[in-house]
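Inspection log for the structure reproduced underneath, given as C-alpha cells.
A, B, C and D are the chain letters, set down in written order, and residue numbers restart from 1 in every chain.
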Amino acid sequence: SKYAYVRNFELPDPLLPGTFMLLRLDGHSFHRFSDKHQFSRPNDVRALQLMDHAAKAVMEEYPDIVLAFGESDEFSFLLRKSTTLYNRRQSKIVSTLTSLFTSCYVFHWPKYFPDTPLQYPPSFDGRIVLYPTEKHVRDYFAWRQADTHINNLYNTTFWALVQQGGQTTTEAHAALRGSFSKEKHEILFSRFGINYNGIDARYRKGSVLFREEIYEKGRNPSVGRELSILEKPQPKTEEKTAPSVRDEPQGETLPAEGATRDQKAKKVKEKRKQLLPSRIAIQHCDIIKDEFWDARPDILAE
Amino acid sequence: SKYAYVRNFELPDPLLPGTFMLLRLDGHSFHRFSDKHQFSRPNDVRALQLMDHAAKAVMEEYPDIVLAFGESDEFSFLLRKSTTLYNRRQSKIVSTLTSLFTSCYVFHWPKYFPDTPLQYPPSFDGRIVLYPTEKHVRDYFAWRQADTHINNLYNTTFWALVQQGGQTTTEAHAALRGSFSKEKHEILFSRFGINYNGIDARYRKGSVLFREEIYEKGRNPSVGRELSILEKPQPKTEEKTAPSVRDEPQGETLPAEGATRDQKAKKVKEKRKQLLPSRIAIQHCDIIKDEFWDARPDILAE
Amino acid sequence: SKYAYVRNFELPDPLLPGTFMLLRLDGHSFHRFSDKHQFSRPNDVRALQLMDHAAKAVMEEYPDIVLAFGESDEFSFLLRKSTTLYNRRQSKIVSTLTSLFTSCYVFHWPKYFPDTPLQYPPSFDGRIVLYPTEKHVRDYFAWRQADTHINNLYNTTFWALVQQGGQTTTEAHAALRGSFSKEKHEILFSRFGINYNGIDARYRKGSVLFREEIYEKGRNPSVGRELSILEKPQPKTEEKTAPSVRDEPQGETLPAEGATRDQKAKKVKEKRKQLLPSRIAIQHCDIIKDEFWDARPDILAE
Amino acid sequence: SKYAYVRNFELPDPLLPGTFMLLRLDGHSFHRFSDKHQFSRPNDVRALQLMDHAAKAVMEEYPDIVLAFGESDEFSFLLRKSTTLYNRRQSKIVSTLTSLFTSCYVFHWPKYFPDTPLQYPPSFDGRIVLYPTEKHVRDYFAWRQADTHINNLYNTTFWALVQQGGQTTTEAHAALRGSFSKEKHEILFSRFGINYNGIDARYRKGSVLFREEIYEKGRNPSVGRELSILEKPQPKTEEKTAPSVRDEPQGETLPAEGATRDQKAKKVKEKRKQLLPSRIAIQHCDIIKDEFWDARPDILAE
C-alpha cells in the first residue's frame, strides 16, 4: 500500500560480531512484587526455583545460550560468541528472550506457589551487553556472583537480627552500617548459632545453568561428535530418556520443558546444531574461580 | 568489587527526543501457537479479546501510551512525542513493555480460554520505530489497518471456500491467486451469501485503544485540567467509579486491570500526570480517515 | 581472500529518515591556532572569510545542503530532510564533509592570509544531530546566532577595555563579570564611542549561506521548475554566466569554486537535481526572526 | 538561552570499551583526483609518500595510534584497545582524525608535488570498525595487505601491457580477465623482463607505520620505563635528537612533524604517556606473517 514506506523507518540494529552477548533480565519492581506475594525473607526458595525453571526453559528454546546465572529477581544469559540468532539483531533478541522468560515465569507460577495465586502480572526488563573476550565474560559472572554473596550475607544477618534478634528494621540497619564481612559472620555465629557457610548454597552462590552432555547406555560412544543431524535424537525424546542426574554437589536438574515444541524449519539454521544429546544442569557452585570453567571449555569456545 | 568495571560495557541507548515512539509487538511463531490451541479460523474472537486485554493493561500501566492498535498476533503502541519514560532508553522500554504484555497474555489466558489450557508459554518480539511527524504516525496506523483489511478479506474468503465451499486449501489458494478485492467480495456474496461489510468490525478493522476522559457527576467540571495532583483521584478509585461505557459503536470497555498497583515514588516523574480521570476505550473503527484523529487532537499532541 | 570476513564487522549506521540532519564542524584547538597565526581580536575578518569560503565550497559540492551558518571557528550545515546522500550513512557523511571543509580551509588559506604562512595543519571535529521538525531547525539556528551575539558583545567589550582602555585582561574580565547586555553596550558607547549596532554585521550576526535562484535574461521564465534535466545548464556554465549580485544588504557572493568538477555518473542520483540555476549567497542577516525563513520557504521544504 | 534545548538532541555515541578501533580513510573519488594530477601509473611514489607523511603526522598527534597501514588512496589506523581518546566518542574520533589527515595531505602537497599545483581540494571518507581480539586485528591488516598485493600485481601487469606492450586498455583488460597470479608473474617476466618481486616493496607491500623506541646514548638505560613524566624529554626535543635510522630493510623514517606543538593541558590525560622516547618508523614489510607482530608485542598489548 501507499503507506508501506513507514517500514523504512525501522533501522538495522545488528550487534558487533565476534563478541559475547550477555543478556541480563531483572524483575520490574520486585520489591513490591515480593511483598504482595509474601516471599519469605531473606530468600524464598519457591521464587528462586521458579526463576531457575523459567531460565531453563529459555535455554531449551535457544541452544545458543551456553550459560545462565540467576540470583534474586535477575538472570543473566550468555550467548555463544559466534551466535547468529536473529542475525544478531538487538531488539529482536532482547525482546523475544525477555518475553519468553516472563511467559515461563507466569506459566509455571502455580507449580511453585500452589497456594499463592498470582495477584497481578509481573514483568522484567532486559538488556544486552557485549563483551569482547573470555576474561570479560568471566569477570561479568564473577561480578554477579560476588554481588550475590555480598547481598546475601547482608540480608541473612539483617533478617536474623530482625526475625530472631527482635530488632526493628531500623535498628538492624544501624547495627550493620559500615560493618565488614567478618563482623557479619561473627554476629550470625555468636548471636544466632548460624554458620554462614552452612546455609543453602543456592542462597550463597545463586544458580548456575549450563549444558551437560549425556552419556547414554547403548549408544556407541565412538559416534560422538560425528553424530549426523539425521540420526540425531529429537530434543523431546532425548529429554525423556535422559537419566535424572540429581547427585552432583549443590545441584539439581529440573525436568525438561519446552522441549516438546516443533522446530520451525525456517529457524533451524539459527539454532546451533546439538550434535550430542545434552541436558541442562542447575548447580549452585562457584563460578569465580577457575575450576568451573576449566572443566567446561565449551562454554567460552566459539 | 574489582569486577564492577564490566558495568562500563553497558552503553547508553537513548532514543532521539521530539519523535514519536512506535512499539510493535508480534507473536512469536503464532502460526504454530494458534494451531496448537485450536484458534478458530480465520478469526478467533477469544484470542483477539485476550490481545486487547493485555494491551489495555499495558496502557494502564504506562500513561504515556496514547494509542494502541491490534490485529492478528500483533499490537502497536504509540508513545507521546514528549515521553521521558525510562529516559527514552531503548532496550529498557522495548523489553519492559513487551514483557508486561506477554505476562498479561498468559495471566489472563484462562479468562478467554476457560476450556483450553495453555499448552506452552507463548512469547512476543518487540521493536521500537521512531517517527518524526504526525503524518508519519497517521501513515503508520493506516499501514497496519490497511494490512488488517487485506489479510482479513483474503482469509475470510479463503476459509469460506474451504469450510463452506468444501475446497481443499490448495484449491482455495489457487482460486484466490491474483484476485482483486472486488472479486473476493463477489465470491463471498454470491457463493456464500456473506456481505463482507456486515462481518464483525473487530475482524475488518482491528482494535483501537485510546484514552477517553470521563465526565463525572458531582465533580465540578470547572476544576477540569487544573485538578491538582494531590486532589487527584488515584487511578484505582477512578477506575472503580468509572461508569461502564459499553454503548459506543463498535466498541467496548474491558474492566480496568493493573490499576490497583501502587506507584513507586521514584517512578512518578516518569509517568505522565493524568490530570483528568480517564479510561481506556476499545473500538473497532476506521483510523485511516481524518475523523478519528480530528475528534481526538490529544493523541498527536505533545 | 580468507581475511575478507573482517569486512562483516563494519556495521550499518543509517540516520533516521524524514529528519533534518544538522552537521556542525568546529575548529580543533583554535584558541592555539588563532594565537599562532596572530588572528586579530576579537574578530579576524580574514579568518572568517576563509571559513565562509570553505563552507561555500562544501555547499557547491553537496547540493543537499540548503543552509549553512558560521561564526568563530565553527560552521553548521543543514541537509534537506529528504536527502539520501550516501544513503544517510552517518560516518560517511560526517567524515567526508568535515574532510572537504578542512581541505578547502587549507587550500584557500593563502588567498586570505597572503602574508601569514600556515604554521601547521589545522583540523576540525564534526558531528551530526538530527532534528525532527522545522521548529527544531529554526531553534537550532537561533541558538547558534544568539550565541554569536552573546560572545561577540562580550569579546568586543572585553578587547575594547584591553586594547583601547589599557586594562589588563584580568582587569577586563573582572569588569565584565556578571554584567548585563545593556551595561556592555553602555561601556562601549560611553567609554569608547562605539555604537555596537554599527559594528560589521558579520561579527554581530555570523555568516548565513543559502542558495538563490538566478534570474536569467533570455531564458523563458515560464520554463521554470519544469526545466528538464537534459536541457539543464551544467553548474559550471551556470556559475560562469551568473550575474554578480553584490548589492544585497549585509551580504556578498564569493566566486564559485569546485563547480568545475565533473560529476561522477554513479553519484548523480545522490545529488539533488538543481532544476533551476542557482548560486550561493552569503549574508550576515538575522535568522532568529521569521522574515528570513518566510522569504525562503524552500529551505525547510522536503 | 531558550533555544539551548536543541543541544539535547545530540546523542551519546561511545564505542564499546575493550575493543580495538580501526579507522580507515579512503580518498574520495581519487580515480578523478589521480587523473587530474597526472599520477604516474600504476603507482606514483610522490602520492604514496605524501599519504605516508600525512599518516605519520596523525600518529604524532595521537599517541594512541599504535600502527598504520597505507596503500593506494587509503590508510588504516589502529588505536590501542584501552584508548580513551575523546571518551571513545565515535563521531568525534572519526571526524577529527580524518580532518587532520586531510589537512596534512593538502598542507604537505607542495613538498611532494613541487611542480604540480593542487587543482582542487581533495577529501577523504573515514569509518571506524571495532575488532574484539588480536586475531581480528591481524586478519584486518592481512586483508589490506593481501589486497595491496592483488591490486598491484594486476595493475603492474596491466600497465606493462599498455605502456610497454602497446596494447589498448581494452585489450589489456581482456588479456588479464580471469588470469591467475602465476600467469601475471609469467607475463611480466617473459614479455617485459620484470621480476615482480624485484619491484619496490612500497608498491608490493604498502606502508607500515609504527612506533619504535629510541636507544639514546648517554641516557641510563636502567631508567627505562620508569622515566618520570616530569623528566621526560619533550617530543620536540626527542625527535630532533633522534638518530636517523634509514638502514632498516625496506623502510625509512620521515622527519618528525607536528611534534613542535604544545600539548593542551586538558587533553593530556587523553594521550598515552610516552614514557620512553620513541619515533615513528615507516617500513614496507610483510604484516601477514607472524614475524612482524612477534617482534613488536606492544602493538597489540593493552
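Just so we're on the same page, contacts are C-beta pairs under 8 Å (C-beta built on N, C-alpha and C of every residue); 3 or more make two chains touch, one makes a residue touch a chain.
Please read these numbers as outputs of a predicted model, since none were measured by experiment.
Engineer: Starting from the Cα centroid of chain B, hunt down the chain whose centroid lies farthest away.
Structural biologist: D
Engineer: Comparing B-C against A-C, which pair counts more contacting C-beta pairs?
Structural biologist: B-C
Engineer: What is the distance in Å between the mean C-alpha positions of chain C and chain D?
Structural biologist: About 31 Å, centre to centre.
Engineer: Can you work out the whole-Å distance between the CA centroids of chain A and chain C?
Structural biologist: Once rounded, the distance between the two centres reads 55 Å.
Engineer: In angstrom, rounded to a whole number, how far apart do the mean CA points of chain B and chain C lie?
Structural biologist: The computed centroid separation for chain B versus chain C comes out at 46 Å.
Engineer: Considering chain D alone, which of its residues make contact with at least two other chains?
Structural biologist: 9, 11, 16, 18, 130-131, 136
Engineer: Can you name the residues of chain A that touch chain C in the complex?
Structural biologist: Checking each residue of chain A against chain C gives 8-9, 11-12, 14, 16-18.
Engineer: Any idea which chain B residues touch chain C in the complex?
Structural biologist: That would be residues 16, 18-19, 130-133, 136 of chain B.
Engineer: Would you pull the chain B residues touching chain A in the complex into a rising list?
Structural biologist: Checking each residue of chain B against chain A gives 1, 3-7, 9-11, 25, 28-29, 32, 57, 90-92, 94-96, 98-108, 118, 120-131, 136, 139-140, 142-143, 146-147, 150, 257-258, 260-262, 264.
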